[in-house]
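You will see chain A twice below: alongside chain B first, and alongside chain C after that.
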Partner chain A sequence: MIYRFLIYDKSSTCIYYDEWSVNNNGANKGVTPAAALDAEEMKRNTFGLVFELKRFLSKLSPSPTAPDYFSYTTNKYKLHVYETATSMRFVLLTDTKTGNMKQQLKKIYSDVYVETVVKSLEPRNPEDPSIQGNKQFTHELNLFLSSIS
Partner chain B sequence: MSKDGSIYSVLILNKSGGLIYNRDFIPGNKFVANDYVILTGVFYGMYTISARYSPVEGSDGIQTLETEDFKLQALQTQTGMFFLLTADLRYPGLPEKLQSIYELYSDYVLKNPFYEMEQPIRCKKFDVLLSNLLF
Partner chain C sequence: RNIKMLRQRGDDMFKKTEKINAELFILTYGSIVTQLIQDFDTIEQVNTKLDEMGYNIGIRLIEEFLAKSKVECTASKRGEIKEVADIISKVAFMMFLGVSATVPPSSWNSDNTVFSLVVEDNPLIEFVELPEEYKNLWYSNIISGVIRGALEMIQLKVTVKQVKCPLKGDEATEFQIDYHGIINNDIPAL
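Let's turn to the complex of A and B:
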């Protein structure tokens, strides 16, 4: 069961976010102004957490290189992060029973993101890197996520 | 002794998130004691954030943290202390080991009349028994 998915670009901006709660099936992105502020705070804090965790793990790790994938589990959920060579971060929150999601996150990057966003001929606004409104990306992503959950 | 399934280090944090014990079991570690202090200082913050932004109600913080090379198991006690254990991915039964370390702490640190609460742990018996427990 997938709970939440976020993509951050290399300047730590959240360019995509979606959430699926246990009760409803639809996306739940915070429609009231108060909820929208909370969502922004959550996105920023999630980035901070992921960033710090990677630093923490590289220091503690017996291996000399920093990890490109890691996950943590709490008693209620599991968070997986895959960081690309271009410093984009794909963050997925699932239930605790889910296994290693590195290959799936890599596929989201190579088969969904690169194909529908990077290779897209649509003009992109450098001021607003968000791909929240990119219908092709959203469609392909949802197809992919349904196939893995 | 094969390196498969071995414990790398044990870290204990007091209620305020300060490091009161660290022990490395792998030779040639690139660490200075100060590094650990700084590192574990962020752990409490990360634990709190991971609990707060849970997508599901009533989550505690990080219990297990895994990369492809090693994993870290965390135990937060009822008294707000943290026991952290890093080990090879293949090492079995980490949560149980952590519980045993907590028991050793209660028996050989807390019951030591010279030990001051929240201070760095310098109890020989604890060190010896910890090595016995993990090897």
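Let's turn to the complex of A and C:
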């Protein structure tokens, strides 16, 4: 069961976000102004967590190189992060029973993101790197996520 | 990681990648260069523009390269430019241009921050002749930009320029790469 998915680019901007509610209606994604602000704060907090946690984990690690995937589990959810060499971060929140999602996140990067966003012929606005409106990406992503949940 | 393994990886990637008709590619590139020469006043401007275009390609190409080739880029995090040089010459060139480049050991400077990339059978220059009035043109300069853009996205700062060209009478195409260090974007402005 997948609860939430976010993508951050190398400048810490959240370029994609989607949420699937536990009650399976998935409708309320920041529709009211208050909820929208909460969503923004959640995105910032998630980035801060991912960023700091990786730095911290690298310092404690017996290996000299920083990890490109890590996850933590609470009694309510599990958070997985995959970071590419280009400092893009793919964050996934799932139920606690889900296993290692490194390969799946890597596949989202290579088969969904690269194919539909990097190779997209649509003009890009450097001011607004968000891919929330990219229909091809959203479609492929949802297909992929359905296949793995 | 040794050269043989990288070479093998390069060959595998070449086999797996979707191909485009070589002549179409070469002639399209030729028309782009010709158009730029018409659009700009000086050849220097054309060289700069080719580099810019290459940069814009490079910043995206790196994602495809990392996603497809599955090369572990820990070398870039440690600033191990020698390994990065091998990966570019053996895997990346093979994957995208179908030819492999070499990094002559003699081209490294004393503190291993400058090296050359030599391409023997540069596909871009096939069928091309360089007229006398364009002798300052670095015809393959787009590749300089591609390398610079791609490496910038994996936190390596480099300057790249084309220094030898068979269209000017040299033996092979050669690029000089100057490595300036790791780009530290550790603290983002939140």
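The rule is short, and it goes like this: the second predicted complex is superposed on the first by the 145 of 149 C-alpha atoms of A that agree within 3 Å, B and C clash if a C-alpha of one lies under 4 Å from a C-alpha of the other, contacts with A are read in each partner's own complex, and residues count from 1 in each chain.
What we mean here is this: a contact is a pair of C-beta atoms (placed from the backbone, for glycine too) under 8 Å apart; a residue touches a chain by one contact, two chains touch by 3 or more.
Here the structure is a predicted model, which means the values were calculated and not measured.
Three-chain overlay on chain A, with chain B and chain C fitting side by side and no clash.
When the two complexes are superposed, the chain touching more residues of chain A, out of chain B and chain C, is B. By the touch criterion defined above, A:11 lies against chain C but remains apart from chain B after alignment on the C-alpha atoms of chain A.
Of the two partner chains, chain B is the only one that A:3 touches; chain C does not reach it. When the shared chain is aligned, no partner comes close enough to touch A:121: not chain B, not chain C. Between the C-alpha centres of chain B and chain C, as viewed from that of chain A after superposition on chain A, lies an angle of 110 degrees, to the nearest 10. Applying the stated contact rule after C-alpha superposition, one finds that A:86 touches chain C and leaves chain B untouched. Of the two partner chains placed by superposition, chain B and chain C are both touched by A:48. In the superposed model, A:61 lies in contact with chain B only, and not with chain C. By the touch criterion stated above, A:76 is placed in contact with chain B alone, chain C being left untouched.
Applying the stated contact rule after C-alpha superposition, one finds that A:19 touches chain B and leaves chain C untouched.
After the two structures are overlaid on chain A, the closest C-alpha atoms of chain B and chain C sit 15 Å apart. Overlap of the chain B and chain C interfaces on chain A comprises residues 48.
If you check the complex, the residues on chain A that touch chain C are 10-12, 44, 47-48, 51, 55, 64-66, 84-88, 109-111, 113-114, 118-119. Within the complex formed with chain B, the residues of chain A that make contact are 3-4, 19, 21-22, 42, 45-46, 48-49, 52-53, 56-57, 59-63, 67, 69-77, 79, 93, 102. Chain B meets chain A in the complex at residues 8-9, 26, 31, 35, 39, 42-43, 45-46, 49-70, 72, 86. By the touch criterion stated above, chain C contacts chain A in their complex at residues 60, 62-64, 66-68, 73-74, 76-78, 153-155, 185-186, 188-190.
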